[in-house]
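Structures are listed in the sections that come next.
There are two complexes below, and they share subunit A, which is joined by subunit B in the first and by subunit C in the second.
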Partner chain A sequence: MFSSILWTGLAIGAIYALIAVTYNVMFSASRVMSFTAGQVGMLGGVIGAWLILRLHMPIIIGFPLTLLGCAAVGVLTEIVAVRPVIAGLEKHLYVLSTLALALMMQQFTAIEWSTEPQPFPRIVGAGFALDEKFWLPLLACAAVIVGLELLYRHTLVGRAFLAIAEDNYAARALGLPERGLRIASFALAGAIAGLAGFAGGQLLLASIANGPMLNFYGFVPVALGGLGNNRGAIVSGLLLGVFQQAANFLFGGVFVSVAVFAAFIVVLMAAPQGLFGAAPTRRV
Partner chain B sequence: MRSRLPALPYLLIFAAAAALPLAGDDYIVLIATRAAVYWVLVSGLNLVVGFGGQLAIGWVSLLTIGAYTTSVFVARGWLGALPALVVAALAGAVAGAIVGLPALRLRTFYFAMATLGFATIVTQVALAWTGVTGGGIGIAGPTLPAPLDTQMGFYLFCLALAALCTWMTLNVAASRFGRALVGLRDAEVATEAMGVSKSRLLMTVFLFSGALAAVAGGLFATLQSYITPDAFTFDLSVLFFIAILIGGRGSILGPLLGTILLTILPELAAPLVAWSTFLYAALLLVIVIVLPGGIADLLDQRRRRKLPENRQIVPRPELVASLITRQVDRPALIISGLHLSFGGVRAIDGLDLELRPGEVHGLIGPNGSGKTTTLNVISGFYQPQEGGVRVGDAPLSGGPQTRAALGIARTFQTPRAIGEASVIENVMIGGTVEGRASFAETVLALPRHWSDEKTLRTQAERCLRIIGIEALADERADRLQHSELRFMEIARALMLCPSFLLLDEPAAGLSPDEITRLGALIKAIRAAGCGVLLVEHHVDLIFDVCDRVTVLNLGRELAAGTPSEIRAHKEVVSAYLGG
Partner chain C sequence: MARLGLNLMKCPADFWEEPTLLMTRRHAMLASTGALLGTTPFARPALAESGPILIGWLAALTGPSSAPAIGFDRGVRFAADEINAAGGVKGRKVEIVTRDTQGDPTKAVNAVQDMIGRQKVNSIWGPTNSGEALATTAVMARAKMPNMHPCVVDTLIDPAKYPNAFRIAPSNGQWDDAVRNYCLNVLKVKEVAVVGDTTGYGVSAVAASVAAFKKDGANVVYQAQIDATQPDVTPDMLRMKNAGAKVLVVWSVATGMEARLMNERATLGWDAPIIGHPALGSGDVRQLLEKPANWDKVYMAGYASCSYDANGKLPPRTADFVARLAGKVSLQDSSLWWVAAGYDAVKLVTDAVNATGSSTSEAIIGYWNGLRDYPGMFGTYTWTPQQHNGYPTKEVVMSQANSQKDGAFKLAPGYA
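Let's turn to the complex of A and B:
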C-alpha cells in the first residue's frame, strides 16, 4: 500500500514537474506565463491516443508525431497569443491572450475528441516489476532534466537561451536572434508538455479534464519553486505529487484539494518569490 | 462626463428590456431573465476586473456559493427566499473577501490562477458535502413569494435588481473610489502616494462584488429551479469575465452590452451552443490583440476629437495663494542619518537633510547618487535600514498610502497618469484623502457623496487653472504631451494643498519657456508656505529658485549650502557642474 502511494505520487509529481518546467521554459524566453501549459500537456495524451489507438500508428511513429504536434501548438501559442501582445505597451495582456487560446484548445478538443476520458495505449508492455504508468513519467522527467542541462550547459543555442532569460535587452544588443530563440523556446516547451501528457497517458488517460487540472497543479510547483527555477520546480512537483497521494489516502479527495490550494496561497502570500527564490522586481 | 446625456443609453436598454414581455414569447423572457441575473454578478465583478484590473477569472465560485446558500436555507425551511438572498449576500461578501485576499500580494497571472483554484475547490466541496448540498443529486432552488413566483414577476424582479446594480456601480465609478480603483490599475505607485490604501480599497470592492455575485447565485438557483454542481461550469466564469473585457475596462455601459451580447449569442443559431465558449474565447483573443479597450473604447468619442495644436501651458502663479496658505513656522521635514542599501549597493549612505516650510530645497547630483531614492524613502516606498524621516518630532512610518494625510505630495520622474481617465479625473485622484463619504454612502449616492464630488471637482478645476491646462480638463490624459503630463502631475499634487511637495525632475523634457514658467510656479508655491524638495538636473532652474541646495554623490552629501556657496564649491564643480 505504502509503495503504491509513493509510486503514484512520484509519477503524478513528475508530470506536474514537467508542466512546471514548461511554464518556466516559456517564461524564460518571453517573460510570459501561459495558460496553455497544462492544455498542451492534455493534448500530449489526446494526440497520442488519437494517433496510436484511432489511427493505429505504431508507437515509434506516433510518439515523435505527438511531440511534434505539441511543439507546433507551442509555436502557434507564440505567434497568436504572445508575439502580438509583448510587442505592445500593455504586456500583462498576455494573461488574457493565452487564457483565450487555452480555452479555445480545450473547447476544440472537447468537441472534436470527447468530453469523457478515453483510453491511452500501453507503450512498453508487460515484463517489468513496476507498471509502466509509474516509471514512464519519472523517466520522462529525468530525460528532460538531463536534456535541458546538456542543452543549457554544452550547446551554443542553450547558452543563448540562458542569455535571453538573464537579460533580454543585453542579449538583443549582442545580436542574438531574440525572436527565433523565443519561437524555439515555445516549441521546446510544447514538446516538454506533450511528453508529460504522453508519458502520463496511462495514469491520467486522454481526457480534456487534464487541461485545467495540469494548468493548476503544474503551476503550484512554479509558484513554490520560484518562477524560472527548474530545480525548485522539479523538487516541488515531486513533493506535491507524493503529498497529494498520501493525503488522498489518509483524508480523502476534497480535503487534499483544499489543503493544496491553501498551501499554495499561504506560501505565495508569505513568500511571493517562492521557496527557492526568483529574481525580485523593482516598483518605483 | 462622456456625453451630454450619460443616463440615456441605460434608460433605453432597460426600457427595451421592460417592454420585452409584450412580444409574448416566453423563451425570450427566459433569455432576458438570464441576462439580468448575469448582469447582477457582472456589474459587481466589473468593479474588480474592469476598474480594479484584477484578473479574477474564477468568479463562478461566488455564484455557486450564493446559489447553494439560498437553496439550502430555503429547502431546510430556515428562511423565506428573500431573507435567504440577504444571507447569501453576506456569505458572498465574506467569500469575495477570501478570494480577493491573494490580490493584495499576487500579481496578474498568479492571482488569476488563485481564483481558478478557488473555483475548482468550491465545486468539489459542493459535490462532496452531500449532507448539505445533495452532492451530485443536487437540491431544489428557492421559489420566491408571490407575486414574484410567476415567470413575469421573476423577470421584472431580476430586471429591477439589475437596474439597481447598474445605478450602484455607476455611483461608485463616478466617485473617488472608482477613480482610485482605476488608479491602482494603471498607476499604482502614484495612486498609493495620493493616500489610497490598496488593501482597504480592494477588500471593500471584493466584499461588495462578492455580495452581488451571491445574490445573482440565489436568482440563478431560482431560474434553474434545481441545481447540481454541474450547473456551475467554468464556462460561466469565462462568460462573465469575457463580457467585461469585450465591453471594455473602466466602463459600465460596455460590459452591460457585453453581457447582453454573450447571453444572446448562443441563441442565434443551434450550432453556436456547443461552440459558444470557443467563440467567446476567440472573441477575447481578437479583442485583446485588436481592441484592448473593448466596445467602450469604440463608443468613446473623446478619442477622436481633435486637440488644438501649438498648445501652451501658461500657469497662473498668482492664484496659488488662494489655494494654499500654510504657516511657515511649522515643524520641518527632517531626514537624519539615513542609510539604505540594495544588496551590496549603498544607495543612501548617511544622509541628513532638513526641508523647511516656505523654502525650496534643491537636491542635485549625478545619476545614481540617490536623489530619487531619497524621495522614495520620504514617500514611504522604501523603509530605511538606519536613520529615518520625521516631521518635527513625529517620525514617518508606514507605507506610501500614509503620506498624503500628512500633507506630503509628490510627482514622479516619469509622469504616472491614468491614460484612459480625463485630465480632471486624474487631478481629482490627488484629493482622494479629502473625501468624507464612505463606500456605502457612495454606493447609495447619499448626500455626502455628492458634496465630496462637488468639492473635489471645484478644487481640481482650481488646480488646473493654476497650472494653466484647464482647457484640457475633459480630454483623456493619454492624449496629452509630455510637458502637459508633467504639469498635470503638479496639479494633482496641489490637490492636497501640500505642506511638503516633492518634485522629481519636473523640468525634464520641458522647453526653456516652460522651465521659466515652472520656476515662477515653484516660487509661488514656496511663497504660500509650502516646503518644496526639488530634484533636478537643470542647474539654472535649481540656482534660480532654491533657497538651499544639497549635492549628493554616491549616496552621500558632497556639499550643502546656498546656491552661491554650491556654485563656488570646488568638488561640486569638478564632480557635477563641470567648469
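Let's turn to the complex of A and C:
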C-alpha cells in the first residue's frame, strides 16, 4: 500500500506539476491564465500514441515530433486565443477565448482520434525494478526543472523571458521583441505540456478525458505553489499527487476529489498567496 | 416542398444568386399547390397514405459514442433496400430520413421537430442513447409520433405518459436482472461487489443493482463509484478483495476503467469473475489489456439471438439473417445486435403498414400495441398498451466478453 501511494502518487504528481509549469510559463509571458494547458497535455499522449502505434514511427522520431506538435499547438493558442484579447487583460476575455479553444481541441480530438481511451506504447521496455510508467513522469519532471534552470540562468533568450515576465513594458522599452518572446514562451509551454502527456501516457492512456482532468488538477499546484512560481508548482504538484493517492486508499470514490479540494481550500485560507508565493507588496 | 427545400439547401449560393434558374414556373406552381394542400385539413393524409413510407432515423453517426449508431444504420439501410427491392409495402417505397445528431440532445430535439413539422415522417427510430432520448421523448409524445428506440434508462418507457414510445432493446433493469440471476443462480455466489463510474448512469445503475441484489438475499460486501479517469484502481480492488467479494459487478461504459480493473485483478492474482455492462466486451477494452488472459472470466450482458452456443452456432433465425447480410453488411467492426435491431426497427414499421394498410400514427401504434411474440432478428418482441418494454428478459443472457466473432459472442458458462 505504501509503495503504491508513493510511486503512483509521485508519478501522477509529476504530471500535475508539469501542467502547472505549463500554466506558469504561459502566464509569465502574457499575464494570461490559458486553460488550454491540460488539453495540450492530453494531446501529448494522443499525438504520441498516434505517431508511434498507428503510424508505426520509431520512438526516437515520434517523441520529438510529439513535442513539436504540442509546441505548435502552444503557438496556435497564442495566435488564436491570447493575442486578440491581450490588449484588454482587465476584461478577462482570455478566460472565454482559451476555454473555447480548449473545447475545440477536445472535440476535434474526439472526432479524429477516439472518445475511448487508447493504449500508449512502452517507451523503454522491461529491465527496471520499478515499472517505467512510474519513473518516466518523474524523469520528465526532473528534465524540465534542469532545462528551465539552464535556460533562465545561462542563456540570453532565457533572461529575455524573465525580463518580459518581470516587467513587460520596461522590457519592450529596452527593445526586446515582446511578441516574439511571447510566441516562444507559448511554444515552450506547449512542449512541456506535451512532455507531460507523453511521459504519463502509460499511466493515463491516450484519452480525451485527460484534458479536463489535467486542466483541473494541473491548476491546483499553480495556486498552491504561488502563481508564476515554478519551484512551488513542482513541489505542490508532487504533494498533490501523493495526497490524492493516499485519499484514494483512505476514502475512495468521489470522496477523493472532496478530500483534495478540502485540503486545497484549507491551504489557501492559511496562505492566500500559496505555499511558496511571496505576499504581494506595493511600492509606495 | 420538403424535397425542394432539401435541394435548395444543397446549393444555397446558386439559389441566392440566381433564383430563377432553380425556381421555375412549374416548381412555383407545384410549390403553391403543395402549400395549398398543406393548409387543407383533409388533403395531406390522402397524399401521405399513397406516398413513400417515411421513417425518421435519429442517428449519432459522428461525434462521441457513434459506433452503435453506425451499426444500427447498417441494419436500417439493409432493411430498407431489401424491402424496396421486393417492391415496397403495398406499392409504397420505404424512405429513411436520417439526421446526424452527433449524440447531442439539442441537435436531436431540433431533428425531431424537423422530422415532425417539415419532413412529415410516419415514425421515428431512435435516438440511440439515453441522454438524447430523455430530451426527445416528450417532444415526440406531444406529436403522438410512433417512436421505437433502444435506450436503456428505465424511465424512458411509460405508456401512460408516452403512449407513443416503445423500447426494442432491454432496459437497464433487464440487464440487471440477467446479471443478478447469473451471479446468484448460475455462479451461486452471494458475496458481491458492485461498482460503477461517477456518471449519472453509473451512480443510478449501481444504486439499482445493489438494491436488487439485497432484495434477493445477496451480501453486497462493497459498493463504490470510481472516477473513469482514475489512473490506478489498486485501492478499489484491494478494498473489494479484502471485503470478501467473490464476484465484481461493473456498471460502466468507461472502457478504460474496465480494462484497468481487469489488469489490476491479474496483478493481485485474484480470479473473481467480473460481470456486468456490455461495454466489458468492447474491442476498446482488448487493446488496453496488459495480457489477453486478463479478459478471461469476464462476462457481460448479451443477447440469446446474437450468441454462439457451445457448438459455435447462432440460433437458426439469426444464422439466416447473417447469411443474408454476407457481402452486403460488414460485421467486423460492429455488434451484430446493433445491425439486427436496426433491421427490426424498419421492419416493425413496414409490417404495421402492411397489416393495417395505413401509415398513420394511430395505425402504427395500435399495431405495435397488439404484437405478441413478434419474431424479430434481435429479439422476440411483445408489446401491450400497458407494457412498452418489448424485449423478453429471458433472451438477455450472459456472454463471454473475450469471445467476439463477427459481432456476436459465445454464451457464458452455465447456459450450454
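Criterion: the second predicted complex is superposed on the first by the 265 of 284 C-alpha atoms of A that agree within 3 Å, B and C clash if a C-alpha of one lies under 4 Å from a C-alpha of the other, contacts with A are read in each partner's own complex, and residues count from 1 in each chain.
Heads up, the rule we're going with is that a contact is a pair of C-beta atoms (placed from the backbone, for glycine too) under 8 Å apart; a residue touches a chain by one contact, two chains touch by 3 or more.
Just so we're clear, the structure is a prediction, and the values are computed from it rather than from any experiment.
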Contacts of A:F219 with subunit B and subunit C, given as first, second, both or neither: first
Touching partner for A:I79 - first (subunit B), second (subunit C), both, neither: neither
A:V258 touches, of subunit B and subunit C: first, second, both or neither? first
First, second, both or neither for A:P119, with subunit B first and subunit C second: second
First (subunit B), second (subunit C), both or neither touched by A:M269: first
Subunit B versus subunit C as contact partner of A:L162, first or second or both or neither: neither
Contacts of A:I111 with subunit B and subunit C, given as first, second, both or neither: both
Touching partner for A:S4 - first (subunit B), second (subunit C), both, neither: second
First (subunit B), second (subunit C), both or neither touched by A:L93: first
Between subunit B and subunit C, more extensive residue contact with subunit A: B
Overlap of the subunit B and subunit C footprints on subunit A, listed as residue numbers: 107, 111, 252-254, 257
Subunit A residues within the subunit C interface of the complex: 1, 4, 8, 12, 107, 110-111, 114-119, 203-205, 207, 209-210, 213, 245, 248-249, 252-254, 256-257
Complex contact set, residues of subunit A against subunit B: 33, 80-81, 84-85, 88, 90, 92-93, 95-97, 99-101, 103-104, 107-108, 111, 212, 215-216, 219, 223, 252-254, 257-258, 261, 264-265, 268-269, 272, 283-284
Subunit A contact footprint on subunit C (complex, rising order): 62-65, 198, 224-232, 234-236, 238-239, 255-256, 259, 282, 284, 287-288
List of subunit B residues in touch with subunit A within their complex: 55, 57, 101-102, 105-106, 108-110, 112-114, 116-118, 120-121, 124-125, 127-129, 189, 234, 238, 245, 274-275, 277-278, 280-282, 284-285, 288-289, 292, 372, 376, 381-382
